[in-house]
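Consider the two complexes below, in which subunit A is the common component and subunit B and subunit C are the respective partners.
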Partner chain A sequence: MIDEKLKWMLGKLPEWMNGEFTNKDDIVISSRVRLARNIKGFLFPSVASPEELVRLYYRIEDTLRSLKAIHGMRIYPAWELDELGRKFFVERHLASIDLFKKKEGSGVVIDESEKVSIMINEEDHLRIQCIYEDFKVEEAFIKLMEIDDEIGSMLNYAYKDTLGFITSCPTNIGTGFRVSALLHIPALFVSGKIEEILKETISSGIMVRGYYGEGTEVRGNIFQFSTSQTLGRSEEDIVQEFKTKIYDIAHNEKEARKELIEKNHTFIEDKVYRAYGILKNARMLSSLEVMELTSHLRLGISLGIIKEINYSTLNEIMLFQQPAHLQFKFGRTLKQEERDYLRSLFVRRKLTESGI
Partner chain B sequence: MEELCEKCKKRKSEVELVEIVEGEKKLRKLCKICAHGEATGVSMSPVLPVKKEKEELGEENKICPNCGLSLFEFFKKTKVGCEFCYEAFGEPIIKLIQKIHGDTVHKGKKYTPKYRVTREFKMRVLERALKDAVEREEFERAAKLRDMLKSLQEEK
Partner chain C sequence: MIDEKLKWMLGKLPEWMNGEFTNKDDIVISSRVRLARNIKGFLFPSVASPEELVRLYYRIEDTLRSLKAIHGMRIYPAWELDELGRKFFVERHLASIDLFKKKEGSGVVIDESEKVSIMINEEDHLRIQCIYEDFKVEEAFIKLMEIDDEIGSMLNYAYKDTLGFITSCPTNIGTGFRVSALLHIPALFVSGKIEEILKETISSGIMVRGYYGEGTEVRGNIFQFSTSQTLGRSEEDIVQEFKTKIYDIAHNEKEARKELIEKNHTFIEDKVYRAYGILKNARMLSSLEVMELTSHLRLGISLGIIKEINYSTLNEIMLFQQPAHLQFKFGRTLKQEERDYLRSLFVRRKLTESGI
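After this line comes the complex of A and B, so read on.
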């Protein structure tokens, strides 16, 4: 029942979740860049027959195997994964929920560090993504461009001079390029400034989404901000504009945190310690609850209220408390109540280990 | 009784979102927070403008000779069937693209199978990153960026 092929990922965090933040304020958790690409001469996934998709899948898989830009490559055809295995990928941000809606002829290729993931036959023939920790957009961007060059030299992309890279959906046409970042912005939320900021952000062409991307809810005050324009601008300019906007939001969050700690110190301290109290003592915890409470702890760390826990411990809790991860961790499928109990057990253990 | 948000089932529902899934309208009642979380995906998605576009267009259908997808089917799914659909559908889809992106001409990477990102391009991007990192006192990152730049320089 536990997929042997996924076991190597169980004892570790994806590189972007591992380690401390270098940007000090712990606002931008991770940065992601992605490209949408299609192969010339093949029908797009929404109209291609399953047989055609399978044929193309193997052709792409064969090509990707020889990629030099990816180290320690692992290949997972979607049809070889069970329900739990698929959720596991979504929870690790390595694949979208949509990828697994049609299993025939689709799959995902990742590298050892889990920074690179390539979805085959999702909405487009290829979705290439790089996720880096912090706000390392440029590092991710260059890696992505190198991978794209290499794939583009082996597979002929559908491309036209005026419209650029041809994609399934007109929202991606042109560069097929998007940048996004996960931001933890609890102070904007608590202070009620979030609405205004979101409104401004959206009107400037940045989309706001939930923790798992499009169509998902916001969890633990973590928002995904993403660019939307793919045509009429170069990739480089898209990156630059995105950075400016995200720096703005991060700046606002910083100011809001400062204000909170100056004017409402006890209130914030109370929130942080309550979260700690529940996480350390509760015997039933839902996934959403853990996300909300770890958000308060995260804020507590960044404001210097709590010093015993580090970010990677929190990240580990956040990752492994998710339903599929939890079931992998305990080695079997779990019913809801059992899951909530074992989740609390796992969280308690992690907190005890970190000596708090 | 107050109606609760469909999503979180915790907060009061205050926002009604119209979502179009496979051509079917679905009304969702959400709290402001959950609505922001996904919404913006919804309001920014091409689905709504496409619907409007169809009304403006009248009913002339077109069919892509390569994959057989019709313009009307495209309006429903908002996904084309192949690389030739854009040409086959012509003006209506170009208008839509203009609406979504505010532009109709590609200005990014000019692809050929031989295309390679230049060293100059990489250096320009990394130098900009380095400047930001230094400004923000992200010294660890700055050091790594300097290393990357150095090895690019040596590549020459």
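After this line comes the complex of A and C, so read on.
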């Protein structure tokens, strides 16, 4: 039941989750840029016949194989993955839930570091994403452009001079470009300031989504913020404007943390240590609860309350406690009750290993 | 602010809370018997003038001083105690909240072991109680009779051949006798069976009260069960009938525990370890929360889930975490926030001392 082809990913974290954050405040967890591209002469995946999709899939796959910009490339046709394997990709932020709704003729291509992933025949023929740790949105953008240039030189992109790149959904027409970032903003949440911040953010044209992107819920106080419109503006402008707005939110979070530690020290210390106490002792933990509690621990590290745990340990817990990862880790399909028990076992061991 | 006269009680537990329980299931925590007595020729405290109460108080106090049945007697006139001192007595189950509502002319007499306490001018002129650990209701009863006989030989009790002993409240007329027991029944609570059990218990003539007796709330799944009617039956009959009913409840609790450990092992293990994790790590604990969590730990000990903590440690935590005890322990009046913090410090230290 564990897909042999996925085993190489089991022992490691995606590069954007690995290592300590350069961003010491641990607010911006990761930055992601993506492009939507379509191939001239083919119908959009939503309307194409299965046969046409499969034909296009192999054509794209063939082209991507020769890409120089992607190191240690792996290709995963969706129909070769079982339910658990597909969830595994979603949990790693390498593919969307939507990709796997239509299995025939779709797939995902990733690089060794998991910074690059290309979805074939999701909403568009190609969705190219680069995800980098921290707020390294420019680096991600440079990599994305490199890949796009190379693919564009081999495949005939659907493009109109008056509009730009043609996409399945009108909101992506133009550059087909979107920037997003995962932000960990527990202090805004705990202090109750989150609502106002979200209202402002949304009205300024930034979209707010959950941990796994569109249509998913927020987990562990981690929000995905992303740009919306792409028409009529350059990618560089979009990146710069987005950075300014994200800096604003991060600044508000920083202020809220300062206030918490200065004015509500015992309150926040209590929250952090309770989270630790439960994670270290519970015998049943849901995925959602682990996300909430690691969020408090994460806040505790950034405030200097807890020093024995590092972000890498928390990232590993966050990643491998997810249902598909957990089942891969324990080598078999697990019922929910069993999962909750083994999740607690895994979390307990990880914290014990880190010496706390 | 700490009453010097109370300091001798600070370093110790009342005897009924001390030592390991002979009752290995830790269901019946303590058994209490009490008598209501009044002195012929004096009005009930509720209608007597303050001057009359004071006059009677001294008369009773003088008599009690010579009692041979009470070892290491201490006498505490209510008006010599401050607010904190009065709460201290209530927290130790040595006096009722009602005793201290009328301070002039009332007081409490206790023995060294704190098994015996006599309230002067509470609802009746005399309320004599014996509280023993475990289900030692017969031993408590023998002690109570010994004290009553001795007092009765020195003071002229209000008594009528047709009715028995005259008391302020009609429900006490007759023997003036009541038996009660503190029962720790967490499994009935956790399994949701408590409601049915309580309904049955009440309809069988047993009253259900909170941790501090009449008019107080249940804390930490500890219920006080007590007899109601006293008229027309002997004390021995009342004791025997009470024992049968309490055994029934204890039996139900035992069955519920067995079921929990057999059918919901992970669920109950989780509850127990979470309680431990929070008690060991929280930085703010309310008195109510400590009672709830120690209840789960207590259940964990009785089910063999936790072996490193003994009941004495839990009893000490339960007693000294109470607001007045905590303030005495830390030597000063504390605001609620400070109290919650220092309570968590105290609990943490106690658990660390016990090596867990």
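Methods note: the second predicted complex is superposed on the first by the 356 of 356 C-alpha atoms of A that agree within 3 Å, B and C clash if a C-alpha of one lies under 4 Å from a C-alpha of the other, contacts with A are read in each partner's own complex, and residues count from 1 in each chain.
In this section, contacts are C-beta pairs under 8 Å (C-beta built on N, C-alpha and C of every residue); 3 or more make two chains touch, one makes a residue touch a chain.
Quick caveat: nothing in here was measured; it's all calculated off a predicted structure.
Of the two partner chains placed around the shared chain by superposition, neither subunit B nor subunit C is touched by A:Ile306.
When the two complexes are overlaid on their common chain A, residue A:Thr162 makes contact with subunit B while staying clear of subunit C. Applying the stated contact rule after C-alpha superposition, one finds that A:Leu183 touches neither subunit B nor subunit C. More residues of subunit A lie in touch with B than with the remaining chain of the pair subunit B and subunit C. Contact with subunit B, but none with subunit C, is seen for A:Lys136 once the two complexes are overlaid on the shared chain. In the superposition on chain A, A:Leu53 makes contact with neither subunit B nor subunit C. Put simply, subunit A touches subunit B in their complex at residues 22-24, 38, 40, 42-44, 46-47, 123, 134, 136-139, 141-142, 145-146, 148-149, 152-154, 156-166, 168-171, 173-175, 177, 194-195, 198, 202, 207-210, 214-218, 223, 228-236, 239-240, 243, 247, 288. Contact residues on subunit C toward subunit A in their complex (touch as defined above): 266-267, 269-270, 273-274, 276-284, 337, 341, 344. Taken in their complex, subunit B has these residues touching subunit A: 7-8, 32-34, 36-46, 67-69, 77-83, 86, 93, 96-97, 100-111, 113-117, 121-122, 124-126, 128-129, 132, 136-138, 140-141, 145, 148.
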